[in-house]
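Each of the next two complexes has chain A plus one more chain, namely chain B in the first and chain C in the second.
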Partner chain A sequence: MASRKKTLLKVIILGDSSVGKTSLMNQYVNRKFSNQYKATIGADFLTKELTVDDRTVTMQIWDTAGQERFQSLGVAFYRGADCCVLVFDVTAPNTFKSLDSWRDEFLIQASPREPENFPFVLLGNKVDLEPRAISAKRAQQWCQSKNNIPYFETSAKEGLNVEQAFLAIAKNALAQQNSTVDLYNEFPDQIKLTNTQKTSNNGDSCAC
Partner chain B sequence: MLWKNQIRENYCEEPQTILETQEVLRTLQSNKDEPLSRSVGPFPKTDDNRILGEVELRPHRNDSRLRQSKTLDCDPRRYYRREDFEVRGCIKIHLPDKVEKLKKNEYLQFQSNSIIKSDEISCKVLKCNVILKSARLINKREVELKDISNQNYLLVFDSSKDAKLFVESEKVGAYQDNEKSTITKTLLRLLGKRSSREVLEKKGIYQNEPIFGNTLTSIYNTECGVPKFILKTMELIERPDNITSLGLYRTSGNLATIQKIRLEVDKGNLDILDVYAKDPDVLTGSLKLFFRELKEPLLSCKTCDNLLEYTKNDKNYCKKDREHIRTILNHIPESNAETLLALIRHLLDVVKYKDQNKMDTYNLAVCWGPTIIFAIDNLSTKDLVTQSAEATKVFDALLNFYINNPEELDFRKKKPDYFDSNRNMIHRQDSKDSIHSSDSGTSSNKNKSSSNLSLDAIDEVLKKSVDLIESHLNSEGLYRKSGSTEKANKILRKMAKRKLSDLDKYRNDVYDLTDAFKRYIKEGCDSLVTKEIVEHVNKICGE
Partner chain C sequence: MESEEALKYYLDEVKDSQNDINNIEEDIHIPNEAEQATDFLQNAGLTDLSNLYQEGKEITENVIKDSVRQRNLTEKQAQTIRSRVRTLNKTLRSRQPRRKQRQDIRDVSWNVETSSTGTRSRSATPDSLDSLDVLNDELTSDEDQQLNSLNPFSLDSQQPGVKTKIKWTNSEPWQHRKYRGDRGDVAHSGSENVILKGYQVLTENGTLPRSTRERSGSDPTTEIHLQPLKNRHSAEISRNKLTNLHTQLSRSHTSISSKNNTSSKIYITNTETNESEAVSFEGLLKENEIEDKTSISQKFENEGVCIDQLTDSEYQYLKPLLYMELVAIFDQYKIVKSYLKRKASKNKGGNVFGVNLSTLVMRDMPRPTDNSMIPEIFQTVIKELNVRCIQEDGILRIAGQKQKLETLYNEIETKFYNNRKDVESLLNQATVHELTGILKKLLRDLPDPVFTMELFEMFYKTSLITNTEDKVKALNLLVLMLPIEHRNTYRLLLEFFLNVVNNEKHNRMNLHNVAMITAPSLFPPRLLLPKDNNKLILKHLSKEDLTKQIKDAAVCCCIVETMLKAGDKLWSVPDYLAEQAREAQKSAQIRRDLSKDKDKRIRSGKTKLARSSTQYESGNKNLPRIKRDFFI
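Up next, the complex of A and B:
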């Protein structure tokens, strides 16, 4: 039964500029890598269908611009996300240092119900390049300190580990969605228009 | 154990003193890394069983009997004040050294700093001398307790409901970030008392930062030109090693360093930039931050919209388009125009190395467009994405425009040339008027000898008027429709007195301006178009 139901997973890719967010998304969805050096404006998304544990899910991958100026876009894009993918460039130490601020920024802007349990996945991209500045161990240590975030080393250029990483992302997103579904159902009851109208009427008559 | 017996012997009459000493030692022990505290610590971990035996012998001391320090900020006994509690619905507890399972009728108790397992009839002490400091839900069915020596106790519950209930119960609440919440309360109280930013700004206590977060005009005026910070940063970026660096202006630098530069630059210390001369990302980051932080954007949204009209075809600009762009940029404040041109000159240098730094005009526009063009108020009808996309498009086009028409970069520098070309234009537009007026005006001119102006003298006035009128080039019937005579007279008086700054007041009254301007020319016409020329033209027309 469950397999018939279509699920939409919203995944956000975050990270400093030129770590390979667009390339990772393109490699995963289109299996293409472009050598073109092109910055992203605002945000863009692609969708891909995949099967996770016999369930067909549609993954909506949001690629964001890394430029500082676009960070204020946050709220509009982050809300309703099921999983957040943090990307850094293993050859650029600065991009690793920014991870904390990206994670915090996301948690503040998206304000998920359980911030400490919200699924993140960390990708160390460009492993095909030399010299490496951030070792796998250091990245893993960071992950452990953040409630055991899954970590993958990828290369968008060579398609290395990209498929596996996104499968893990989908699984984490799915787990998150399953756990929050019940909570969302509680909301509709709480809007009572009739009551508010009454009180406002009373208020008007009082003022007269 | 020897030392303890000794203390007891020495202070047997003062059990409180013993207790206090123990407490101090216990807090010392919480710092595990200190070898001293480990050697004298009251309960070495290896002696667990013996402690257990001894503590059971010791009579319970009533917590309330403890003297509470009123002067000490850091009271080592503060943990005593917390309440004891019972744990129901727990099925397993992980102690530091063992795991204890609980049967259905058994429950846990935390009493007098001991963890006790009990059913209705008997009880068993699992661990004593536990001074708890925090309790927190780590997942749905597990609660983690922490004591002051950072040892963890994991409580596993049968159901998530029990776990939640337990953590939310009042007594356990005492262990939840108590210090933190008081700090938060104090801070909130303090922040609540503070005056709002607006009030501080009014009083003059809160001032703009000298460089970052100021307005470009005020920096420009104090420094008499393009801000030195911009020029210096650009100069450093243009060094051969930096300008070829991959993704210049795209890759981000260390934010902490950038903020440090900001603070130093605000203090007036531009030399800090030299320290980071070899880190182009930090330099580019600071420069971008400067423009983002400006109170008003370098190019306003309105300018951006205006430019958008003329920048649709990106390569072939006809003369008209070029003039339009020039006019638009000519009407932004001088500080912004000069800074913009300096920036564009610099970015064109960057583009020259695009094979190495991979930054073509498009990439630079993505990084720069939204940085220099943004809405200051939230009244803008466009969302940020559309606006950013437009900003990018405009800036990309602008960069290409200047690559293809490099001579345009100097339009502000060559003011005399610009004036000349405009004068010719005026002459063309006004030729009919001038001729007619000179026909009839020669007589009237003489009774106004005071306004007998030479070409040199009218230069400034002429230029200013042309500037003002040119901002309304698309007005219907320009130079044909007439405005109010009264206003035109006023303007004319200002013109005659050469009060250029006063003319700005009338920048929107274009028809009054044109009227006044025509009359102004009329009065000075004998120097612009001589009688001989008129006769000459008349002859030609007659033929």
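Up next, the complex of A and C:
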């Protein structure tokens, strides 16, 4: 297992503008948080090496512009992704409501082979802020409706839960890459569950 | 259910974007140099020059000087014209090798040569006729080109007999005679080289002996033409040189003569020194440019006329000037205007969204609230934003809720023209982020973007200008060149953006953020990609494409940032341009009045005299000239 070559995982962060995508990435990769309010241009990526289950993997994290459209950019960086991270701001209900669109947009643009099984991870960011608009329960409900997406509550500012979230992301991405090889039994494979009646419907409508 | 709807929406969007891509009409015909030059002349309002070219006539320096003087153009502008004219003349020459007596570089050199041998063998052959031929030769060719610049006497005094003689003397006999002359000096000039050297020396000094002979000539015309001839002769000499050299020659001419008004003779010698030391020549050019810049920028900042203060007819005359100035700047940075001509897209058939600004303005017309030429929908939304929520955190950046926005779009689309009150109350209730969403959608859906298909490429290419001051100037010129609907709408937008920036403390939207967020709405990404890529975009994209796209996004952001920084400066016309435009408008007015008189006179057969007499007083620049009305 350890003798395997380095693996490159492509992870994409999506979500409305100013939910903290860039901040999350920076916190995870550089352990830094800046109060600067700065929009992201187009897309950018950072890489981080980490060990998942005795395996060294390089995670390439793509930060995207949350603007509705640098549209033409979209396709290019969605392609070949191993995992998609959806981010919303727990204090801004609108950012939660757009999650569906982001997820759908990703599935359309990236057109993964098995859309219903593609790994997503949901992050509710800015939990350090008050007042909260979206409860953990509500977020979890949404996750369940989408084929049990893993959910983490994070704070990029405090560095809360960020490490754990990205580890789960890496694991999910790895699982996607090795979905044919059943090596990681210990990995909770909620994504591969066969109960896909609802999501496969989604998948069908994607394809048309 | 919700997600399915959203999915449907996205599918539609993707389809739309694909349609967008297919709808972009491009004319990939890339014109050659000459076509580009004609294009320039026409855009710069110098149709008289481009017409000459199209009639197959070379454009002489005199004609250029004429039109430069007429329009009161600056030396820099004249330079831009000259470089284009040179291309045209070159094309002409290659296209029609010696037809009739038309000016040809080879003919000229023959003439000079003969005159030089003539001086040598003056005693042997009475060559007063030779010089006369040369003289007339030039005259007739100039006549061809200059059309209107005849002097009154040339017609009368030029004897038809002499004219026919010229036609008989082609290059063959000259050569023959040259040999004869050489035969007399056989002892000195054994080889070709010696002859060539002698020829060069003589041409440099050749003016003097020739003019004396002209005076002593038996034909009375020579004396009369002496003055204009001298000028022509010096121009001819410069034309004798290789075109390559010629370019440098006239370039350095400006750089030097603008500093100190030296005579033409000195500038010729100067060229020769510059030719050998290219570096110092460049240095000189640069120095000159810097001087130019500072003087312009001072004018630009201190004075300047707001574009609104110009009348429509003055603007008509300003436009070619703006274009000329812009091309001058682009030339300076060696930026080539791309000739990927895109036709202005048609409306997509909507009511409000996807409709061109000009159409929107027209639709507002039945009940015009003002004459700002800004579509009402833009005015309403921006007013709402300015009044209500300029301090909102993350204004412009944060997106509205998609479903809500969808319904808003639909309401506006269907009700804006028949149930205005409904729409207004809807906008009243809408949140900030929904309003900015509407604004951004309005901009993105414009078939003809704010910067127009025509000028879009040029706007984008200003990013290649390294000097900020020049970049601002180019953008200023470009903004002024926009059609009025676009210009005024953009002005309203920019003022709103600046208002947002001014409230940075509250909304955290600094200049950089605003530029970044608004750039993709002002510079639609679909227009930045070459057509091939556009077709492939949904299938495959290489890494280079991706980097290019990101770079494009950054470039657009920088341009918007520059414009935001420039702010109000963008709307002011540099003083000297405004002055030129006003001048041109006035003299055109006078000309138009006069041409009415002229029409009457034509009938009485007096035109020739009138035309030629004005020609002589051309030194006075304010004098109305009865030439073709070139602007119309």
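Annotations
The working rule: the second predicted complex is superposed on the first by the 173 of 208 C-alpha atoms of A that agree within 3 Å, B and C clash if a C-alpha of one lies under 4 Å from a C-alpha of the other, contacts with A are read in each partner's own complex, and residues count from 1 in each chain.
Throughout what follows, a residue touches a chain if its C-beta (ideal position, glycine included) is under 8 Å from a C-beta of that chain, and two chains touch if they have at least 3 such contacts.
As the structure is a prediction and not an experimental result, all values here were calculated from the model.
With chain A as the common reference, the superposed partners chain B and chain C clash.
By the touch criterion stated above, A:I108 is placed in contact with chain C alone, chain B being left untouched.
Of the two partner chains placed around the shared chain by superposition, chain B and chain C are both touched by A:S17. In the superposition on chain A, contact of A:R79 is made with chain C only, not with chain B.
In the superposed model, A:D100 makes contact with chain C only, not with chain B. Which of chain B and chain C touches more residues of chain A is settled by the count: it is C. Judged by the touch definition given at the top, the superposed model places A:A43 against both chain B and chain C.
Taking chain A as the common frame, chain C overlaps chain B at a single listed stretch, which among 43-51, 151-159, 223-231 or 331-339 is 43-51. Common to the chain B and chain C contact sets on chain A are residues 16-18, 37-39, 41-43, 66-70, 72-73, 76, 92, 94, 97-98, 101. Taken together, the chain B residues at the contact with chain A in this complex read 139, 247, 250-255, 281, 285, 288-289, 292, 358-359, 362-363, 366-367, 370-371, 374, 383-385, 388-389, 392. Note for the complex: chain A touches chain C at residues 16-18, 37-39, 41-44, 66-73, 75-77, 79, 92, 94, 97-98, 100-101, 103-105, 108, 202, 205-206, 208.
Those residues of chain C that touch chain A in the shared complex are 2-4, 6-11, 14, 17, 394, 397-403, 433, 437, 440, 444, 508-510, 512-513, 516-517, 520, 525-526, 528-529, 537-538, 541, 545-546, 549-550, 553-554, 557. Across the complex, chain B is touched by residues 16-18, 37-43, 65-70, 72-73, 76, 92, 94-95, 97-98, 101, 117 of chain A.
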